[in-house]
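Here subunit A shows up in two complexes: once beside subunit B, once beside subunit C.
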Partner chain A sequence: MTDAMRPIARRTLLAGAAASPVLMTLAEARAQGVAPRRGGVLSTIITPEPPILILGVNNQGPTLIVGSKIYQGLLTVTPQLDPAPMLAKSWTRSDDGLVYTFTLEQGVKWHDGRDFTSEDVVFSLMKFHMEVNPRARAILQRIDKAETPDAHTVRFTLKAPFEPFLLIFDVTGCAIVPKHVYDGTDYRNNPANATPIGTGPFRMAEWQRGNFIRLVRNEQYWKQGQPYLDGITYRIVPDSQSRGLALQTGQVQMTSSNDIEPFDVPRFQQQANLQVAQNGWELFAPLSWIEINNRLDNLKDARFRRAMAHAIDRNFIAQRLWFGVGKPATSPIASSTRFHDPSVQMPGFNPREATALLDAMGLRPNAQGIRASIKMMQIPYGEVWNRLSEYLRQALRQVGIEVTLESTDVAGWVRRLAAWEFETTINFVYQWGDPTLGVERTYVTSNIQKVAFTNTAGYSNPEVDRLFEAARNAVSADDRRRLFSDVQKRLVEDVPLVWLMELVFPTIHDRRLRNVITSGTGVHAPYDDVFFAS
Partner chain B sequence: MSFWKRFARNIGALVGLAILVLVGLMAVLAPVLFPFSPWEMRGIPFMGPGEAGFLLGSDSLGRDVAAGIAHGALVSFLVGGVSTVAALALGVTLGAVAGYGGGWIDDAIMRFTEFFQTIPSFVLAVVLVAIFTPSITSIVVAIAVVSWPPVTRVVRAEFLSLRSREFVQAAEVLGRGPIAIMFTEILPNALSPIIVLASLMVATAILLESSLSFLGLGDPNLMSWGFMIGSGRSVIRIAWWMSVFPGVAIFLTVLALNLVGEGLNDALNPRLARRRGTLPA
Partner chain C sequence: MGAAKLLRFLAARSVKAAIVVLAIVVFQFVLIRLAPGDPASVIAGQSGAADPLFMEQLRAQFGLDRPMHEQLLIYLRDMLTLDLGFSHRQQQPVATLIGERLPATLLLTLTAFLFAVTAGVSLGVMAARRVGRAADSLITVIALTFYATPIFWVGLLLVLVFSVWLEWLPSFGMFTVGADLTGLAYAADVAKHLILPSLTLGLFFLAIYARLARASMLEVADQDFVRTARAKGVPEGRIVRAHVLRNALLPVITFAGIQAGQLVGGSILVETVFAWPGIGRLAFDALLARDYATLLGVFFCTAVMVVVFNLITDLLYALVDPRVEVA
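Moving on, here comes the complex of A and B:
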């Protein structure tokens, strides 16, 4: 925990050296008796099939997982969400927090043999991602000047200090793309999009639509002797039962993300040759909650929302519905992200407290024991989410809140969420490692929009707005931590949403496969250090 | 020979009737046998049949499978019954008008019916329920919409053959109106095939409702057999009882309805039965 709270400023001089121990070095590996071994092809699964592999043009989960083997970012993040070197071997930040200077690795070549230079970096950030990638654009717009003093140095000057700036440089935020392929073209429809060209340890070899994506070793990779694997094959298996079977029989040596349904996880935990890892989602830290339309009667009363929070046993949800994969939420900022305040606790499971609150509101039970009726729109993301809404209906009924479930399809759910046409529903979003990047959007008044994944709940509290804004502009991490602690206290008091779970997607892999998860992005790492132990 | 005696000669029909009565009793007595909501999480999840006080085991949230089956029976019968009545109302009216009216009316109605028959009925039901969002009403309507065409065809055929009989001509001579003739003279004489068809339609409707729920297009607020199988399917390696028992319930009910339909056919259409050798000549 202390590591996560270490301010970035303290490592302004040579961050590279400070962060590298997270990745297992060769010497360390040998000391443990598992020397990296060359050879072998990793067979794994990707669900669903990505439409395209050009990062930035498409930023969906599957695209990021496969694309991160082909492309690389300037930096990556450690499990504690500190920046770590990738294409940039070191970086500095000026004391006023305005100027960032990156020193790039030398001898890096694109898959087509051309040299990688600082020009590629500036093109990728200032032109490519600025146009195609909305999430990156929101941060890159803060850059005032981008300069290339020489072929291996890049300097960015910001308009105003922005403490979480370095988090966008992971490959999942801003992948570096080749300028000589894309400059002056239509990025989205460039014919070269069929054959992605990156700097990563693996090149695309073959893509049979609906069947598999085959990546092969990049022989000119800039890290000496790496990658260890000869290739990675991503199989496309649409049926979850077949995916489970492929893993069980060893046809694939790794699954990730949503490949395996939560109820199948205990089965694989018992299989001796497999390991179930729950880390590697620290940067994303998806948090699920009951989204509550704060504009409606009863629901706009904080006491009512508090009563809902008291009625729900989040441990039950984590244990019985997600089979222990992931953990109960305690505050609006996930515990794996920076600035989570463990001293702030949302209302706990206490049905008696819930009924007392409803009594205080004057909501008395009728003959059937019903005090109030609300509707809940089910989230159409599969079975475990349906079970969750069924659980919530029963739990809320225990305290006298009658819940009627409404079912929709994915398009209908997104449309109604965006149009505020719901009473309650279930939702989950990525937090992107920093509350300014992934939490603020859900609670501030300025983001009450008719767009999904904004402040669709319609929650508005001037004090919360002020705190989020101050935290966004604060230069030092310590100031920001104090502000975010305040925000968490206020949000937990108001309960604009009932937070449920810090979700985790299990990565299940063969025990012989090593270095599977070494960073805060897990399966989105380049995998240049992954190998099969003999 | 009375209707009941003829019906009782078919052993299968008697067995079917007995099963139906049992399932019906279960549906009616569900609130007494299991005086709690079938959604209530009453104990430890994934308990096998007979364990921890669960007669047929518990599901992934610790809900009682037996309670689900009992409460689900009512939903199945409700959906089967109401949608069949709705389909009959539509089918009989259209068939009667087509058969009695003849000419261009007949042509128009039959082309309309054929139009519906060319669309695969289950696909149409899925589309209808998906468009109108799953609820008990939209499911009943969808099932009724896909199951009326066969009724129309059967009723039309009966009306075509009956309308030229003497008793119809006699009624026309007496100056009775066409609607009165259709519904008081011809329809009662055409009832037997309609009754047989209706019993089979109830069975089909229950299957349709189960299939829709299995695919996640059921009413999320009502426990039904199809929903139980659908939610148990993914954990069938851990808890086979979650899908097997509701499956057995659907199987028995549909089988019973078919047996009863067969028995009704024999009883109401003795000539046919005799030719098949079910009844002595």
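Moving on, here comes the complex of A and C:
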């Protein structure tokens, strides 16, 4: 399997455990003379506290991180976004791209002791996620027929070929849930939701709200001898400074996601016993941007949006605000997402070009040097985002655009975003590995809806619509690559949004902790291979 | 004070209290719904994905698709049966959520409260007896410093000194998770975790009590009956205790009464800095998540406690100062 050949693009797939990158990392670990060691409890942090742990019913970031230790998907993805085995040990795709057949692992048991079978898989996808999970629903609707030839085989027939189909099978997209617990119940209000039952290497032992979630080793786990850890404890520490101190003093051995503010990261890079990892976000590839309401005066003019893009130094943002965690965006498709075209470049930092564009629009500076005034609704996701808004205000003021900042909390921000009641704001969304899954939704006319994380900017371009649709339906990856290159060129010309950063969230951990990040989902892996080296 | 009179007093006050609590509940119910956004939008925001069907399902699940007056009536009806409702977000009854947090909250706030009252009043008395001298200035300066310093900053500083540098005390949490301690070992473990947060919270209030006690002592000490006592030859210690302090305590009790009523509410800042699993955080997170039922439940409990402690304070006045009568 060479890097250039992406299995998902091949006509027939056959993945064996030997090719799994998860095991490769283990082999590497062994090669370094570090044999996995049983024992030890990993203390880490989860921020904010998840409301419940049933994946699908709740898909918030923290829920996915904790839930992925309890539940598993059919597949996972490598850092290159190739599918890798999980509950399905192998799979095939028919030549016409319509029929997918999964062969499941045998001897897998639910935490309550019942056997895991193909019935659970079909129930999870066709009933459970179809009902509760909006992101999965959009893809699962494309399944025409779901069959279970035997207890360990599942066959899906699609209505039409869908090239990125396999990307939804990671636990963060479609966790497999027990049919015997949920079938025929109200999934959202099932009393069993208090104690999640999965197939994962850890099961829930205790949850003291506002304090900690304690997972313990699943002694019946289907991988022999695994997991290596005795348990994982997720502490709930609401204050970012306190989280930093907990990491510094060794009271926790790992932080992830938003636990540590970017401006504190350099401090931990200096600490010898800690390692700061930036990988493990390839599937999510969160891209941040200035969301611009394309319906409003000035803002609906591509020249104005282009001027905004020219006014902003994305290198400054990446280096001075995020301290090198993540990198500047270059196009609407993040570089770790499939079909990113590195030859497409969005308008670069060039204030002179920005003022020239504003001049051409007839926006002349007044006595205070102000050409136009806009409002920016701040995103209420922490201190670094406030600093970003302040930088943007400064940078835009340099070219004569006066920015008034508006502050909100999460509920207020989402409501105004969804109701299109904003001039500009900052936003970031996950790309989910493929532009059809995570990029298209932001730009196509058909998705202009009064719901957050749709095309709330109100951008509409028939050519872009056509390209996205063609790429969605194209059978071959090569065709899709060409179409997405075109889309990127169009979007960079129109600048419907000003892309800022390809975000990653640092995972900071004790150096003795091994195999922390082995897949394209990082801290969302099951952690059955994580261990403390002595 | 006759028993019948006391009973009449209690009955009258209870009726008033019930009306106050009801008014508070209705007011809060309306007020928090005026905040922009709803629980569904928070969940959509935190999931980073949504479609119209998803939003509709969530609102139906949370009962938000009904008209507001209907929601209020349902809530009041449940309230009358002491049912605080159900948090759909957390899939738990609100009473359970509050019950889980109550012990931690009371442990923290009561410890801080007792520390603040005893140490504060003692310092205040000490300062008043040495008024104008070095000890008085020192106490006043210390009290003012803690009063003026932001509480989270004091907390972080204490963590820096005692957890990071000296490594004597844990920097957060309520007990060592996974240690499975029992009995005395567990109590000792909790006590160790309790020191920094209760000190942080206590120091702020200590400053208030010290200043209050000092000012009040000085005022009473100037009065005629104290001079008379001194002229009679009553020993100085007895004058301070029986004559001055007892009379000086009224403002202290008033303030302690107010503070005691708020003990149940916890302290958002201290709970945040020390990751203490108390009610303050529960309420704060519920507010951000627009978890209406939980937030209202906390408001209800706090309102009841404030009312109850007001009543207790009034009774205490009568006990400390026989001139005050309950009415």
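Assume the second predicted complex is superposed on the first by the 513 of 534 C-alpha atoms of A that agree within 3 Å, B and C clash if a C-alpha of one lies under 4 Å from a C-alpha of the other, contacts with A are read in each partner's own complex, and residues count from 1 in each chain.
To be clear about the criterion, a contact is a pair of C-beta atoms (placed from the backbone, for glycine too) under 8 Å apart; a residue touches a chain by one contact, two chains touch by 3 or more.
Model, not experiment: these values are computed from the prediction.
*Asks:* Clash or fit: how do subunit B and subunit C relate after the overlay on subunit A?
*Replies:* Taken together on subunit A, subunit C would fit alongside subunit B, as the superposition shows.
*Asks:* According to the contact criterion defined above, which of subunit B and subunit C contacts more residues of subunit A?
*Replies:* Between subunit B and subunit C, the winner on subunit A residue contacts is C.
*Asks:* Using the superposition on chain A described above, determine whether A:W289 touches subunit B (first), subunit C (second), both, or neither.
*Replies:* After superposing on A, A:W289 lies clear of both subunit B and subunit C.
*Asks:* Between subunit B (first) and subunit C (second), which does A:W413 come into contact with in this model arrangement: first, second, both, or neither?
*Replies:* Touch partner of A:W413: subunit C, not subunit B.
*Asks:* If you stack the two complexes on chain A, which partner ends up touching A:N386: first (subunit B), second (subunit C), both, or neither?
*Replies:* First partner only.
*Asks:* With both complexes superposed on chain A, which partner does A:E261 reach: first (subunit B), second (subunit C), both or neither?
*Replies:* First partner only.
*Asks:* So in the superposed three-chain picture, is A:R320 touching just subunit B, just subunit C, both, or none of them (first/second/both/neither)?
*Replies:* First partner only, subunit B.
*Asks:* Applying the touch criterion given at the start, work out whether A:F162 contacts subunit B, subunit C, both or neither, answering first, second, both or neither.
*Replies:* In the superposition, A:F162 touches no partner, neither subunit B nor subunit C.
*Asks:* State whether A:Y182 touches subunit B only (first), subunit C only (second), both chains, or neither.
*Replies:* In the superposition, A:Y182 touches no partner, neither subunit B nor subunit C.
*Asks:* Rounded to whole Å, what minimum CA distance do you find between subunit B and subunit C in the overlaid structures?
*Replies:* For subunit B and subunit C in the superposition, the minimum C-alpha gap reads 7 Å.
*Asks:* Would you tell me the residues on subunit A in contact with subunit B in one complex that are also in contact with subunit C in the other?
*Replies:* In subunit A, residues 241, 408-409, 412 are touched by subunit B and also by subunit C.
*Asks:* Help me check something: in the complex, which residues belonging to subunit B touch subunit A?
*Replies:* Contact set of subunit B toward subunit A: 37, 39-41, 45, 60-62, 130, 133-134, 216-217, 220-221, 231, 234-235, 237-238.
*Asks:* Using the touch rule from the top, collect the residues of subunit A that touch subunit C in their complex.
*Replies:* Where subunit A meets subunit C, its residues are 41, 43, 48-49, 51-52, 58-61, 132, 134-135, 137-138, 188-189, 193-194, 208-212, 214, 231, 233, 235-239, 241-242, 245-246, 248-249, 251, 408-416, 418, 429-430, 449-454.
*Asks:* Which bits of subunit C are touching subunit A when the two form their complex?
*Replies:* Residues in contact with subunit A: 35-39, 41-55, 57, 61, 88-92, 97, 100-101, 104, 152, 156, 159-160, 163-164, 167, 170-174, 177-178, 271-275, 277-278, 281-282, 285, 288-290.
*Asks:* Looking at the complex, which residues from subunit A come into contact with subunit B?
*Replies:* Within the complex, subunit A contacts subunit B at residues 240-241, 261, 263, 267, 320-321, 378, 383, 386-387, 389-391, 393-394, 397, 404-409, 412.
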